[in-house]
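Here come two complexes built around subunit A, the first alongside subunit B, the second alongside subunit C.
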Partner chain A sequence: MLTAFTRAFRTPDLRKKLLFTLGIIALFRLGSVLPTPGVNNENIARCLQQAQAGDSGNIYGMVQLFSGGALLKLSVFALGIMPYITASIILQLLVVVIPRLEALKKEGQAGQTKITQYTRYLTIGLAILQSTAFIALARSGQLFPQCREEILIDKDNIFAIVTMVLTMTAGTGVIMWLGELVTDRGVGNGMSILIFTQVIAVFPAELLNIARQKGAFVFAVVIITGIAMIALVVMVEQAQRRIPVQYAKRMVGRRMYGGTSTYIPLKVNQAGIIPVIFASSLLYLPQLVTTLFSNSAEEPNQVVQWIEQNLVRGDTPAYMIIFFLLIVFFTYFYVSITFNPVEVADNMKKYGGFIPGIRPGRPTAEYLNYVLTRLTAPGALYLGLIAMVPIVALAVVGASQNFPFGGTSILIMVGVGLDTVKQIESQLQQRNYEGFLK
Partner chain B sequence: MTIGISIALILASLLMILLVLLHKGKGGGLSDLFGGGFSSSFGGSSVVERNLDRLTIITGVVWFVCIIALGLLLKP
Partner chain C sequence: MASITARIRRFLERPGSIDLAPFQRIVAAAGEREDDLRAADELPRPSTDDLAGFCAIMREAARRTLGLRPYDVQLVGTLAMLSGNVAEMATGEGKTLSGAMAAAGYALQGKRVHVISVNDYLARRDAEWMGPLYEAVGVSVGWISESATPDERRAAYAADVTYGSVSEIGFDVLRDRIVTDVADLVVPEPDVALVDEADSVLVDEARVPLVLAGAADPGDAAPETAALVRRLVKGYHYEIDDQERNVHLTSRGIDTVEEALGLDLYDTPAALTEVNLALHAHALLTRDVDYIVRDGRVHLINPSRGRVAMLQRWPDGLQAAVEAKEALAPSESGEVLDSITVQGLITRYPQRCGMTGTAVAVGDQLREFYDLRVAVVPPNRPCVRIDEPDRLFEYAMERDHALVDEIAEVHATGRPILVGTLDVAESERLAGNLAGRGLDCVVLNAKNDAEEAAIIARAGERGAITVSTQMAGRGTDIRLGEGVEELGGLYVIGSGRHASSRLDDQLRGRAGRQGDPGGSVFLVSGEDDLITHYVADEYARGVPDRELVGHAQRVAEGVDMEIHRNTWRYTRLLEQHRAMVLGLREKVLRGRSASDALSGAAPERWTELSERVGEDVLDEAARQIVLFHLDRCWADHLAYLGELREGIHLRALGRLSPIEEFNKEAKPAYERMLAEVESRSIAAFEAAEITADGLDLDGAGLKRPTATWTYLVQENPFGTEWERILNRLTTKVRRR
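And now, the complex of A and B:
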């Protein structure tokens, strides 16, 4: 393992890529701790401490996780990549609904570039909305409901407020650019590496928190379960069903093509962690709406009361059931978006490939669909169960909501980690070296 | 002084947003996120892209300096 690392660093272009990625990560973390001008840093630190002690302040769980603790600090990169993720989700959903976008998607590379461009515009739009919302929350003191300190230095100065909103919006733009730079010139997918960074960044602090608050025994239990879960997640992430494909030999001019047998790898968890992100983003909406529109003056109506009782805290039965069902639904939804059996079957037919025992064309598509549907069932269940773990842990150990070995964080860490290592390895293998994974 | 740097920061922010949007988006959206699909990188970048990069970096540095300066000035 270690020798592979030294080899990776000894390869000139790979070393350049790795150092570039590390540099971007460093810049990104720097922006995540740099406070936006106009924010009273000391008061925020005091409020954060109160909120952590109170334990009920963690209503922004998911967003806070993705921003690596930067959100509540109102730093320059406070919004993190959340706007980009939300924009991507919205566009993914819109592709199914709007025919024009669907046509664009079918165009291939050019259309995809256009959709990406729309995603980028939407990201900036969402960033403006969200930064305005959070600054407004900070201004009215609702960001930390229990805390009475002034978060903003000069909260009545509209000019200063506008500056802050614009700075945070530009910060989101910069994050987007950094992510694209990593994708382009670094290792792995930029956006996922940035999420990975933020998840890892809060990790040691959360672990220390548990060790300090709950004692050594609980700490040991947490570590052991965590390692077991990582092993499990790695196992399922690597699991795939290989559908054999035989290619017929054909002559083009004087040369012989094909005649090989390969396979289509179908992963058990084809959708990755996207369903979990979708589901938690959706479930976070009612919380946000109730926080934004609740004023203490009047008695909240029944809907609001129900939402506050059932959807704000993660340990109620209603929340768990809805979360689980949403994850299962989105797993199927996302797999059906990303893998189109008809298209795969058509492509195979075009190049003279077939699955042994099944006729090319429609029967092949039906067979692929059948296998995929059956394969996704355990995948969806697994995702749902993994995502439940932090909630169960919340009930058993009494850990905070962003429990360090929480399902989503583990899925992100393992998923992105595996992917990046695989990419580095494929680059190493171009030079005939032995890789990380044997 | 504060007002001046604030205005500079606003301008730098706007310019930064504009420049980032002018870049061609690399890596197609969410489908690449969290493992899935293969990433295709096609060759180097054009002269326009390289100049845009340079401009964006310069603006980014100005933006960063403005933030730090304003932050120090406003420190209570």
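And now, the complex of A and C:
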């Protein structure tokens, strides 16, 4: 990987692309720490410290993760990439529902360009909503419930409030543009790179925190575990079972090269990161419910009590078991939705492909299903284990919930990292040819 | 202020087109010098350093030699092409002259110009027609025809301006790639390409690979398989997909075939391939529709042009399967030695430009794939053609009736009619229907370019009914006959919308040339391929609405663009490999690269042989050995990449990007190929019989190109991950 980077830096146009991407990342980070006008910086910093020390620090966990800590700082880029991601998901869903969008999508590139344009409008709309909501929270002091400091300088000046909303909305627009710039003129997928940036942006601070609070030994253990985990994740993410496929529609003369290059690569972790995100999102629900109930003055009933005792904090056995089971369930669920053996088998049949020794159609679908089901078992276990690491770490070393080598973070990091390096390598490959004749 | 409004209007109406104002200023300046030049006895030699002077001289030269005084708009077109754009000029505006003036301009800059036309007939006609003009300004001109000998070709290419059809130039480039002697090379270094009918050549045919095939073993499709397949029943033993492009056996079909052959098909790929090919030939290809049998041979019919394609063959054993089906003796099956796409051919030229009647609609593609911009040249006189809205019908039958009625009605007035059909079969059917009503018509289906040009030129005469397919007679003007103007000019009827609105416009453009009156209408039915192929989901039944027809065309164009882009992404890597191999080949062919490599690899044998036969003979022998294996391994490499590409879309199932995976696999393959060239060359050198007469490389004889064909692979038929999720969810919801 490092050699790939050094070689890439020696190739002029690739170097330009890499430097461009790094420049965008720097700009992006700058905007993530740049405070929005009207925010009391010192007070926010104090509140943030309190919040991290306290237990309730994980309410905004996922949002914080994707915003690289920018959200609670109320910076210019506070909303991060989430509005854009949400907008694209909403539009993809709408395509199914609204005939006009469906028609556009079918028209190929030209239609897709229009849909992208709608996604951008929706992003801005969402950004206005979200920034208004966050500013309102900040104004009423609910952003940091435990913190008594005033985080806005002039919370009653309507002009100042509007300026803040506009700034954050504009920030979201800029992020969208930066992401698209990276996709067009840099390396890798812009949105993924920006998420990657935000995920690893919190590492140094978190590691420093651990070193400061727990001492050198725990720090070393954390680092070693982290590296080992990254290695493990890289290994499993690359692992695939190759099912050979042959096409028997063309008579090709003599074949010079042995072996087959046509296969279906089934990944051990065919589901990717989605099951973890689904599972943790689902586990936030009970927390939300209890927050609602705790507001009422009545004595909480038994269910609420049980939830408060077991599901709000991550280090209880019940939480761990439920979390693990949910991940396993979602892995199977997601794989079954994204990889439909019947569809794949039909498609192969249509284009004249077959798995050697197996008849096309139903037998092929059954075979694929057989392999996939058995492959998903280790995949699901692996995802569950990786996701458990921060929780176990919390219990063992008492590190904060934002343990830097958390499952989601590592999976995102390695996933985006691998993709980007692959892309760089493939561009590099096209440039290095040499051989026998000079 | 006015220029800003003009700019905004141009941006809104013709996005991506260039500003003509600078050209118009030059042409205006040229107009001022016209009188002086007319008085001069001898014209000065034009130079493109002074564009206004150049325009003025060319105009006068054209007037004197051809009797045609170019209009201002023609000069604007010339200037647009001279600055490397595609000029959009309507039919009848005089593209040929504009293009010739631009070609002369480039030639006067000392560049070699290839004017690339659609067919041999137009290449020859234009070269001969414009010859006097070229001569007057001191530019030599030549043309290539299908029957030209290598010497004639070399002579034509030696001229400053060479006219040739895209396939002839492409074949020359391909043949040059397998020559083993520098003296045999035909095509000089490419300089400027001026493409006539640019949209057709650069977009519609861009994906078509020109293939150089060498005769290998005769095809081995067994007549027994063809006989076996003939017994199978559609729907029971095999099924055909909606678009009639693929056929596959059902499980009952597999049982029947396995029983008959006595083997397990899916363990014996060779037998399976043979059955599949035979089935394809049996179920998807129809005699007299897709091919004809003449003189004991199978000849393909090109569906869009409707002509018998003399040089075409089906790829990869399909030809042999069809021959077996027709119980003919198997012809030699070609093995692909090398190929080039039209796009690859055109992008060889450092300087490109072109002209056509319809370019704006493909402006994006011209920019993306060729870095060309469009200049929309206004007509000399505004177009007054009346385009009626489409007439829509539910069933094709109703449409056909209405079509004949309409023709009969208009014909009664004496107004000439041109009917554009989508394919040959339809034009023949229509001719039959018309004959049934006692109406005489002329049918054109691009079988003979020269003859058809003469016929189409008469299509504007009073009372003429001409039925034509899309490509037929392109490049020839339809002039109105006596008294036709009063009747409303030429009336164009389209018997259905094409897959692209651009082709509709081409057809319409036949009427209303040079400010003539004219009219056009399209008749569309819900049973047309355009509707059933592209918007089957949206259209249930009833009369389709206009919006749906437009949508179907946009879908079709989107699909086409996607395929084009995809093909290009894959061929780019191939082109890179090819460029490197050609670089090596060039060094071997012209230099001592082969001798250096072999003498380095086997020094003892080298010294021994050089003492026996001499350096020169040995150099030549080494060159032949290495060239042979280089060409041989390149053909294998091409076959390997073709096979790799066929199944690469499966990688998407593991969330890998097919194009990246393709690149990843292609590089080691390239290295293996070079290693193979090395080891085979050395082995051949060690074993070869080399005497003072040189080396006898039997079987290395070079083969004539015999085949052109196309095939496509969709990159990811499974859709993206999200699409898959949504599709599954929606199918579940809709099922309920």
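Quick notes on this one:
Heads up, the rule we're going with is that the second predicted complex is superposed on the first by the 292 of 438 C-alpha atoms of A that agree within 3 Å, B and C clash if a C-alpha of one lies under 4 Å from a C-alpha of the other, contacts with A are read in each partner's own complex, and residues count from 1 in each chain.
Following the convention adopted for this analysis, contacts are C-beta pairs under 8 Å (C-beta built on N, C-alpha and C of every residue); 3 or more make two chains touch, one makes a residue touch a chain.
Note that this is a predicted model, so its numbers are computed, not measured.
Of the two partner chains placed by the overlay, subunit B and subunit C both lie in contact with A:Q92. In the superposition on chain A, A:Q246 makes contact with subunit C only, while subunit B stays out of contact range. Of the two partner chains placed by the overlay, neither subunit B nor subunit C lies in contact with A:I151. Once the two complexes are laid over each other on the shared chain, residue contacts for A:T338 go to subunit B and to subunit C alike. Using the contact criterion defined above for the overlaid structures, shared-chain residue A:S192 touches subunit B, although it does not reach subunit C. By the touch criterion defined above, A:P265 lies against subunit C but remains apart from subunit B after alignment on the C-alpha atoms of chain A. In the superposition on chain A, A:T167 makes contact with subunit B only, not with subunit C. Of the two partner chains placed around the shared chain by superposition, neither subunit B nor subunit C is touched by A:V222.
Subunit A residues in contact with subunit B (one complex) as well as with subunit C (other complex) are 92, 270, 272, 338, 423. The residues of subunit A lying in touch with subunit C in their complex are 92-93, 95-96, 99, 103, 106-111, 240, 245-257, 261-267, 270, 272, 337-340, 343-344, 347, 349-362, 422-423, 425-426, 429-430, 433, 435-438. Looking at the complex, you find that subunit A touches subunit B at residues 34-38, 40, 42, 76, 85, 88-89, 91-92, 112-113, 115-117, 119-121, 124, 153-154, 159-160, 162-163, 166-167, 169-170, 173-174, 176-177, 179-180, 183-184, 189-192, 237, 270, 272-274, 338, 412, 415-416, 418-419, 423.
For subunit C in complex with subunit A, the residues that touch the partner chain are 216, 219, 241, 246, 248, 250-251, 254, 266-267, 269, 272-274, 276-277, 280, 315-318, 320, 333, 335, 534-535, 538, 551, 554-555, 557-559, 561-562, 565, 573, 576, 580, 584, 587-588, 593-594, 596-597, 626, 633, 636, 639-640, 642-644, 646-648, 650-651, 653-656, 660, 663-665, 667, 669-672, 674-678, 717-718, 721-722, 724-726, 728-730. Across the complex, subunit A is touched by residues 3, 6, 9-10, 12-14, 16-17, 20-21, 23-37, 39, 41, 56, 60, 63, 67-68, 70-71, 73-74, 76 of subunit B.
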